[in-house]
Structures are given as C-alpha cells and as structure tokens.
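See the structures that follow.
In the two complexes below, chain A is the common chain; its partner is chain B in one and chain C in the other.
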Partner chain A sequence: MLVQHVFIINRAGSLIYDWDGKSDCTGIEKTFSYPLDIVLDIVDQKVTVVFGERDGIGLRYTVSAINGIPVQACKIIFGGVEKMVLDVIQDEANYPLSIRFQPPTITTNEKIILSSTFHSLYTIAAQLSPVMKSSGIEVLYTNHFKLYCYQSTTGVKFVVVGSLSLNSGVDGLLRRIYELYADFALKNPFYSIDMPIRCQRFDDAIRNLIERQDKFSMLTI
Partner chain B sequence: MAIFNFYLFNRDGTCVLYKEWKREKKAIMSMEQVVIQQVNSFETSQYKLNYLETPTGLKMVLNTDPNASGIPELMRSIYQAYVDGVIKNVLIESNAQSSNELFSNRLEQLIQKHPAF
Partner chain C sequence: MGIDSKKISGELFTLTYGALVAELLRDLESPLAVNRQLDKMGYNIGLRLADDLLAKNSQIQRCTDMHQVADVLAKVALRSYLGITAQVSNWSARNDEFSLVLESNPLAEFVEVPPELAQDLRYSQILCGAIRGALEMMHMEVQTFIVQEQSQSVEIRVKFIRILQESVPPGDD
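Our next item is the complex of A and B:
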C-alpha cells in the first residue's frame, strides 16, 4: 500500500499516535555450514547482520531463530543450556545450522525517539532557512520513501510516510487526518490534550481514510 | 528560481566549505554542526535542501528554491569539480578546511551558469 506510517506528534515533540500499514515481515531461513560468511554483531541488543548481503539477507537483518529455536535478544536455549547467540554461531561443532533472519522492524520506543528527532529537525530546517518566513520540513525525500508533514497552527504535526509512488492528494489526506483528530480526539471529553490518543473510533476512521486514499488517490473532502 | 547557499562536509561532519549567494536570512546556530544523512532532499514552504553523500562519506548540501530543476546533476558536477580541484591536488589535506581557489572558482562558475540560479 502507498501509505506506510502515520504519526501524530504534539507540540512538545512527543508521539501521541501512530498507525502502521502491515507490511509483509516474512523472514528468511537458510542452512549454513562453517564458517559463516555473514558477519554478525550485537546492535541494540539484537544479533544483526553488519556485512555480507546475500540470498535476500540484507544489512541490519536480525537473527530470530536458530534450528527453529527462537532467539531472545542475544541469547538462545541451545542444547538445554542458555548461551549467547554469537558463541553458538562461532562453535564449529554446532554446524550445520539453520538460521532464520528477520527484516529490521521498528519498536514503539524507536518510534517515540524518531518522532522527537523529527520534531527537532523540523525546527532546525526553519531556523537554517536561507530565505525569510520558511516553514519546517514539508516533504522529505529518500531513496525508499517520502515523508510528508503538516503542522497545524496549534503546533500539532501530522506525518505520513509513504512509498515513492505516493504523489497526489497527500495535502488533502493530511488535512483530513487533522479533521479526524479534531473530531475524535479534541471533542472527546475524556481526552487530555497532548496525551496519547487511545480511541477505537479514531483508529477505524484513520484506517478507512487510508484505504480510500489507496483506492482513489484523490480525496473528496 | 534561486540557489541560496552551499555546504560541503567531510566524513567526520566537519564543514570544509561554505558559500552563499542569495541568502536572506542568517542562521542563529553554527552552520558547522549541520549533519543530515541518508536523505535525498527535503522541502519547506520556502526552500528545498538538496543533499548528496558519496560512498566515501563526503556530504554536500545545496539550498535552492523549491522549484529549481536539474539540481541532482548540478551536485554531481560540483562533486566532479571537487575531485578535479581538491582530491587530485597532492598538496591539500582533503579533510581540512578547503581554501582551494581552483575549486572555488569552478564552483562559482557552475552555480552562476546554472539556469536555476
């Protein structure tokens, strides 16, 4: 689908809502012989590929299972004993090994960190502007996705991360998300301003809106 | 259509060259601390920041009008001028602050002759 993520960031830079398009997170399982030609290291408490892309296994992929046994952070129950995954992989007696790799995913904490980072980048882009009266970042282009941001006059940011083919109708989508935020969050008497939004109707409305965006690509507001 | 300013960073994030042509608003913070990675460009309502990073870690930032066209090709030309004027000059420590007149003049030519300037 075109829209991959939706974030709502409050005026202090905290993430108050996030929506995920369910992308296929199929892992890749292969049987390896000694020595393993993929270089692994521990990054953020996960056993991660740092060198040696092949057979669809890319950089930053993480080890999720060995011989069908799930990996817990950096450790695994191997031969009845809890061991470090890297020790199991370096021991020749354990081979051949069937290792399952998972594409990189993003945790809730990482979403919170990234939202705060984007809040700062938005302000820096406005401050470093070479021309007068510039806003912050409105569109950010990378090789794999586009990030669209709309900041309301009250300072709440609505961020949509979409694929490269998401081109038209994003302004309308962002303003429509703003309308839904006003309808389902601000009009909720139990909702505290700047707190995370936990409202099933809001979730449903966002999902329906994005499904319509995928189908028709140009919203009639 | 306008090209506002240009930054060149080495792989350590140090600003080795800064040039500006049509900048109206001066920055409050030090420009040498700006590091943006793995992004092609971003737009605001008034300007567009174009970014190029080489595999060896050299980073270029060029701020232009949002409607400027042909900027990726221009940035590759700037990189080619950098290679010709700085990398191929054995007397220059390429990580240091760049004061190479040949590269500066070539950069000025490329920018001022570009239709987006």
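Our next item is the complex of A and C:
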C-alpha cells in the first residue's frame, strides 16, 4: 500500500487515532551453527540485532522464537526451564539452533510518544521560521518514506505516512480524512471531543478511502 | 456514507426543534431556564459543527477580524446548515460587534409563541449557542444574544470578547 499510517493528533498533542496499513510481515527463520555471527543485545527488553546484518535480517530485528518456541521479551522456556535468550544462544551445547527474527514494529505506546514529539516539532518549525506567519511541518521526506501533515483551523492534526511513490492527491486525501473525522467522530453523540476515536464506522470509512486512494494512484502511473 | 451532503426536509427540522422546545418548557420551571438550556445545547452543537464546516469549505481560513467572521457566518455557515443567508448590520464603532438579521428564520416557520411566554422565551436561542460554540473552536470568545425576535425574523447580536490565545494552534498565531 502507498499509505502506511494515518494518525490524528488532538489539539493538545495527544494521539486520538491511528490506522496501520501494514499487512502481516512475516519474520525470517534460519538455522545457525556455533558461534552466532549476528551480534545481539537487549534493547527495550527485547533481544535485538545491533550488528551483523545478513540474509535479510536487519538491524533492530528482534528474536521472536528459537526452535519454534516463542520468546517472551528476553526469556524463553528452553529444555523445560525458563532461561535468558542470550544465555541459550551463547551455549554451544544447544547448537544447531533455529532462530526466527521479526522486523521492528511500533507499539501503541511508541505511537503515542511519537505523536506528542511530532506535535512539538510542528510548533518548533513554525517558531523557527525566518519569516512571519509560517505554518508548521507540512511535508517531511526521508530516504524511505514521506510524511504529510494537515492542521485544521481548530488545531487538529491529520498525518499520513506513505511510501516514496505516494505523490498525487495527498492534499485531497487529508481533506477527506478531515471530513470523515467531522462526520463519524464529531457527529457521533457518544464521542467526546479530543478523546481517542473508537468507532467501527470510522475505521471502515478510513480503510475504504485509502483503498480508493491506492487504486487512483495506480491509474495515474 | 457520511461524506455526501444529505438534504433534510426543512419542515422536519422545524418540527423537531419545535418538539424540543415544547419538551423543555414542560420539563423546566421557567422560560429563562429553557433559554439557558437551549443555549447550552447550541453551544455543544457548535463545538462539533465548526470542524464540519471547515472540512467542507477549504476557503475558510483563520479569521483575523470580525468582518471576516460576519461574512463566514452570514454567507457560508447559515447557508450550509439552515439554507438561508443573513444580513449583517449595526456595526459598532469599534467594529467588534454586529447583528445578524435572519429575515426568514427556518426554526420558527410554523411557530406562534403564546403571549404569556413571549416576554421571556427566546425561541431561537439555540442559534446563539451554536455560534458561540463554533467560534470558540475557532479560538474566539464571543457573546451572542437575541436582540429581537418577531414571527418570522430574528436579530442575533454577536459581540467579540477576546482571542483565546491559549488554544490557537502553532503556525496560526
């Protein structure tokens, strides 16, 4: 999909909605012999690749299973005993080992933190402007994705994160998301303004909108 | 779905509002209490309606003076939601106060207020609340009240109080 994430950030900078277009990203499983040449360390309570990328296993990938046994944070039930994953991997007697690596994902808490951070960066961008009356961040480019942001006059931010191929019609897309917000959130009498949006009809409408956007973009290539 | 603008029978809306007012008169102790409740309901409606208006009318930017506010209210907002336009008149010397005159008030199309209520009841008070709520979402505090309400027309006074500086989003101040 061209659109990978949609975020709605309320006037105070809190995340009130996120939509994730990521389809199930399968991990990578390989059988390794001793010694393991991928350098692992514990980062945020997960056994994470910090060096030694190979065979599609990249930095920040995390160990999700060993010999088919799922890993819980940085521990595993191995040989009937709960052990630290790093201890299992360092013990030559356990080899060969079949290890599954999972690509990094963003947790809900991380999305909340990142949304608040973006809210602050938006304000800083407006304040740093060398001329008067500048807006905050409207487009952000990196080597792997683009981020588009529309801030309504009322102060709500609508953020779309898409692939580099996402080019045409983003302004219209953001506007339509704003209209859906007005229709399915604000007109829902049981929705409290500035609170997280939990509404199936809104989810459905967003998904339909993005699917139509993808089809439209295909036609214009 | 929700995106298409749906048209509603004006009469159904008028009658629904009439039923609401009649119910409030039965529930509450005085016409003054009804006025306060209608204003509060209108305020809550206005808070949500502002984003709907802005989402569908990208030409509306942040208003920087009351003449722009008056234009948006009279020519865009009232047309969008009530199907009418209003006259803007009676500007104050400081240009911070004006009247919206609705010559044909759709809320009151079939309404005749009984004489014993006419002195105190502001039948269309919900419009005042809606305007106040919507402008608050646009970061303006205003005072709104009905100056005059005849059988088919109503004059609503809008007075600017202050900009709500604390809620103006970055890049718009």
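Here is the rule we use: the second predicted complex is superposed on the first by the 215 of 221 C-alpha atoms of A that agree within 3 Å, B and C clash if a C-alpha of one lies under 4 Å from a C-alpha of the other, contacts with A are read in each partner's own complex, and residues count from 1 in each chain.
Here is the rule we use: contacts are C-beta pairs under 8 Å (C-beta built on N, C-alpha and C of every residue); 3 or more make two chains touch, one makes a residue touch a chain.
Predicted model only: the values in this text are computed from it and were never measured.
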> For the overlay on chain A, clash or fit between chain B and chain C?
Replying inline: fit
>> With both complexes overlaid on chain A, does A:A126 touch chain B (first), chain C (second), both or neither?
In response: both
> Which holds for A:Q45: it touches chain B only (first), chain C only (second), both, or neither?
Replying inline: neither
> Is A:T117 contacted by the first partner chain B, the second partner chain C, both or neither?
Replying inline: neither
>> Residues of chain A touched by chain B versus by chain C: which partner has the larger set?
In response: C
>> Output check: A:I193 vs chain B and chain C. Expected answer is one of first, second, both, neither. What do you get?
In response: second
>> Quick check on the superposed pair: does A:G136 touch chain B, chain C, both, or neither? Answer first, second, both or neither.
In response: both
> In the superposed arrangement, which partner chain does A:T31 touch: chain B (first), chain C (second), both, or neither?
Replying inline: neither
> Anyone got the angle at chain A's C-alpha centre between chain B and chain C, nearest 10 degrees?
Replying inline: 90
>> Is A:S168 touching anything from chain B or chain C once the two structures are fitted on A? First, second, both or neither.
In response: neither
> Once both complexes sit on top of each other, what is the least C-alpha distance from chain B to chain C, rounded to whole angstrom?
Replying inline: 9
> Taking the two structures together, which residues of chain A meet both chain B and chain C?
Replying inline: 125-127, 133-136
> What residues of chain C sit close enough to touch chain A in their complex?
Replying inline: 1-3, 47-52, 54-56, 58, 60-62, 137-139, 167-172
> Residues of chain A touching chain C in their complex?
Replying inline: 11, 122-123, 125-127, 133-136, 151-156, 175-176, 178-184, 186-187, 193, 205
>> If we count contacts the way the header does, which residues on chain B are in touch with chain A in the complex?
In response: 4-5, 20, 22-25, 27-29, 31, 34, 38-47, 49, 63
> Can you list the residues on chain A that touch chain B in the complex?
Replying inline: 124-143
